[in-house]
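Common to both upcoming complexes is subunit A, partnered first by subunit B, then by subunit C.
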Partner chain A sequence: MTRYRTIATTPREAAEWSTGRLIRTNLRAIVGRAYPRIVGLAREPSWLFFEIFLPFLAVSAFVFVYRALEAPEEFVGFVVLGGAMTAFWLNVVWMMAAQFYWEKDQGNLELYFTAPMHLMSILAGMAIGGLVLTSSRALAVIGIGSLVYGVTYHVEEPFVLVGVFFLTMVPLYGMGMLLASLFLMWGREGFHLAQLLQEPIYFLGGVNFPLRAIAPVAGVMMAILPLAVGLDAMRQLAFVGSEAQGMLPVGTEALILVAMGVAFLAAARLALGYLEKLARREGRLTLRWQ
Partner chain B sequence: MIDRAAVRGVTLADAWRSFRTAIGLGWAVESNWSDPFLFFLYTMAKPLAAAGILVVMFQVITQGRNPEFLQFLIVGSALWNVVFGVMAGLVQSILEDRERYRMIKYVVVTPTSLFPFLLGRSLARVLVSFVAVVLTLVVGVVFLGVDLRPNLLYLVPATLIGVTAVIALGIFMAGWCLQLRQEAWSYPEAIAGALYLVSGAIFPIDVLPAWLHPIAYASPTTWWLEASRRGLLGHGSPGPTGAIPDGLVMIFLLVSTAVVLPLSLAAFAWFIRRARRAGLLDMVTGS
Partner chain C sequence: MPDELAIRARGVTRVYKAKPAPVTALGGVDLDVQQGEFFGLLGPNGAGKTTLIKILTTLLIPTAGTALVAGFDVVTETAKIRRVINMVSGGEQSGYGLLTTREQLWMFSQFYGLTQRDGWRRVDELIEITGLTEQRDQKVRTLSTGQRQKLNFARGLLNDPWVLFLDEPTLGLDVAAARDLRDHTLSWKAAAPGRTVLLTTHYMVEAEQLCDRIAIVDRGRILALGTPEELRRRVQAESIFRIELDQLPQNGGIAAIGALPGVLSAIRADEDGEGPGSDRVALKVALADDSALTSVVTAVAERGSHLVGLAKSEPSLEDVFVELVGRGFGEDDGEGPSS
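So, the complex of A and B:
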């Protein structure tokens, strides 16, 4: 028996939902889409292995490069922190940006379009679930990396550090929401684009070195890539007194992250609106392998 | 009455035809379904960015001193594209044909062998990885002052033997991934990542913990990279490995390849037999 009794006598009346009912339905959609990712934390041990093992391998390779170059030990910490943030970036690229394309292949996308909820709720659920899932992986990479390579952190403002981390996550996953629509429109190119968003972004985002080292390009990245801004701010907060300076003061970078968060979420909403129109007009967004 | 001509088995001509057809198919899948500009960008940006990360790390720490180490980094980073290209190419070809295009069962029942088909199907990715090697080296020479002094008498045999070893490892991986139900797509990256760590691709092996040294010295990829550096740069890696005589490096490469090649082929044959028996050739994991 349905929870929402209706006394509507016409289809138009039935389609007129109260604000409360709309909010509750969308909240349920968010929880429903986040659920499999959170439950997957424990149910997919192979994911656990690969999502910790692969970033750890990459972190290890770069740590050994710094050791071979006899770099100051704080650079090892930079790489470990960068490796942990890589886990979030990979989650955004593969489990946000590429997700709608896969949902289309599996036949779920048409269900999303026809269900009585906003697609933003699905994306928000994906983001929340992905954030929880990936946080466990990132913490494991930081824990194991710090333990194995003896990283020493010097944190004076832990709450600010946590705050900057969450400020980074909003535009990062907002960007994932935007890319989800764009990847779907670009179709089969999506796989190549996802590949393109890995090493080049690690390079441009300063994942393995201080962003200041590529200063002319870093200025552009500070305007468009939340990973670069967030990582630069978090390094300043986690390694206080380090020789390697950040690009901008932490406060300024926090403001940039706030602005990016608003911009990416708004752009994601616009892109979804366009996508929905396209789906209704052309009907090809529900065709597989296109 | 049995028509023996119809069951004569696979001839070289069959294998060659299968190989040739698979090359065309592999190239079509790799390139034709993509915008050419994006395909070019994607193919080139990844290896250049990977090398760029190492170059910036080097510059930040050394301020450009120790150019020999930079050359070591560039050559190792460039050549690693082949290892990853071969492994990912072979594994993804077999998995795509099973999971996505669902063609592998038809290839297996045709009067040819899966082996030449698989080699041909993955060749496009392997060739693209060689283009990435050349491009990275060109960028290294033109913009970063990498001083190439090729010794073809050493480089050509080292490349032939080394690439054979890498293909053998890829064939083993392809057969292995056919057995897996989950996450098979991630295995090439995991194995290539592990080999990257122990093969001295971007740092000398002596930096690794001592317990990893035997694994590093047993891997043909270690000796291939070392031999290729000597063939391209005229000198070996920094550290103890670089002090090993050229002849001995080539012998180590030859011996490790001679061990890996038959083992990989035997393992692949066993994996395919097992896949037939267990019904894994038309399995779709949805992963």
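So, the complex of A and C:
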């Protein structure tokens, strides 16, 4: 019976991997971990209600307020775009930041630790899978919101807009990767933090209004919150000529996003290394029931 | 490296921080497991078995001592160890319920770097081997406990590990499912020469059926080590009787029986589900020689119990354990460390 066997001839030989094999394994691990999130698109139709209809209702409330106040019409578009970006933020908070905590409870985390890929590949897979999953919801919110409220976009540089979107996603999910390690270290307090990261961030990130409206704190948010920077840049690109000015020129905001992306990914890598050391030293982070 | 040990531990100690005082889960374990060996760690809950497995699978670092797996150090060469091991735990709920059996295994195959083609091929092979063919497209969350554990076992074989760690793999399974899993383990072991299995269990039958050698562990220490036969020979000088009573003895109960002259130990023998049923009680009594049996029978009668069955039995691993630690497997003295 040879069907149990794969490749190895001796344990020592089996443990010697080339750099190429190491890279391929990590790339495959990214695909493997992204897979459950991507197939989840079709397997959990109830999410359509919670992640499309409920955000749409929240957007609608602001639309009615702006129209009652006779605010500039592009504010409606700002809110719809903000509503779509909310889906990404929720995905980062609940399906990235809190994910390791849940993985520990299920017993997945110790399997990830004992497998030969790097844990950053698992986080990257979660991020890519989450991005694909959430993009469908975000597009649905934009589509429905734009149709129902008749939003008119004025886009002169569509490729730059798409580029800024992806530049925003890198630090946003990088932040989620960092928080995943931190939440696991903080335990239950992590969940309180996740709650805390919702409404205040909607406000401080300017999700439902132009960031310039809270100019005194917007500067700080621009330095730490990719959502705020990316949304401000995307609004400038999606509503060219709008009365509401952005905080900074789009080019500057793109550079800030690049810097944030590098910083958050590096910080996530460091936090993960520290988490693994802590986990192996104290045992309480990866072992179930401890 | 044919002579290299699959596992080598020297003075492995693990102390957990705890209040009011630190808990020593492992107190200086020395262990050599040969390549190709099926090795069992047998001990009650809290003996330190799982802690040792966590150290050997690189999930924990020892507080003191050294441990090598496949010749690699568990503290400094974790990456190499992770390429040649796998682990299956009892009661494991790993993976994602919305995936099908086939998808779940494929996902895990990707973490070990199998190509698309090899991954799916291996997944299908393991599904067939573990008898999950009918459940291959069923969502994982709908599987029964036994099916789920077969799936976990298949996951553990995805990378064809050189050292497979099985941590209480049949925990919570019914008799048939546990037997299936043991059969699969033996089949894999037979088909993959050179592969080593380290099994932790507190089921005597499982250890006896599967293991080439067994270490009996209690309170973080190895008390005895040898083949099942060697271990049983340790207590063969004694006479062991299984005594069935209509009720538990009064006035001091089993402890009073155990304290009689010529009685080495007395424990309940029916608490693991193999008892006589109805209201009867079964005791296992180890005697220095057969002549002490008279005083046992008299003492039982004096304590209000009636003898309904008596048989001399061959020593089991549990007898060895009782001989070594002075208590049965299910008898917690409340001082064991949590592992």
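In this text, the second predicted complex is superposed on the first by the 272 of 290 C-alpha atoms of A that agree within 3 Å, B and C clash if a C-alpha of one lies under 4 Å from a C-alpha of the other, contacts with A are read in each partner's own complex, and residues count from 1 in each chain.
Quick note on the criterion: a residue touches a chain if its C-beta (ideal position, glycine included) is under 8 Å from a C-beta of that chain, and two chains touch if they have at least 3 such contacts.
No experiment lies behind these values; they were computed from the predicted model shown.
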Looking at A:Asn208, would you say it contacts subunit B, subunit C, both, or neither? Reply first, second, both or neither. first
For A:Glu199 in the superposed arrangement: first (subunit B), second (subunit C), both or neither? first
Check the residue A:Phe53 against both partner chains and state whether it touches subunit B (first), subunit C (second), both, or neither. first
Going by the contact rule set out at the top, does A:Asn108 touch subunit B (first), subunit C (second), both, or neither? second
Quick one: is A:Tyr66 in contact with subunit B, with subunit C, with both, or with neither? Answer first, second, both or neither. first
Set intersection of subunit A contacts, subunit C complex versus subunit B complex: 44, 106
Going by the contact rule set out above, which residues of subunit B touch subunit A in the complex? 33-35, 38-39, 41-42, 45-47, 49-50, 52-54, 56-62, 69, 73, 182-183, 186, 189-190, 193-194, 196-197, 201-204, 207-208, 238, 286
The answer for subunit C against subunit A in the complex is residues 1, 4, 6, 16-17, 35, 54, 57-61, 70-72, 79-87, 89, 92-96, 98-99, 103, 106-115, 118, 122, 125, 129, 155, 157, 159-160, 162-163, 187-188, 190-192, 194
If you look only at subunit A, which of its residues touch subunit C in the complex? 1-8, 10-12, 14-17, 21, 24-25, 28-29, 31-33, 35-36, 39-40, 43-44, 106-108, 110-117, 122, 279-283, 286-287
Which residues of subunit A touch subunit B once you look at their complex with the stated criterion? 44, 46-47, 50, 53-54, 57-58, 60-62, 64-71, 75, 106, 188-189, 192-193, 195-196, 198-200, 202-204, 207-210, 213-214, 244
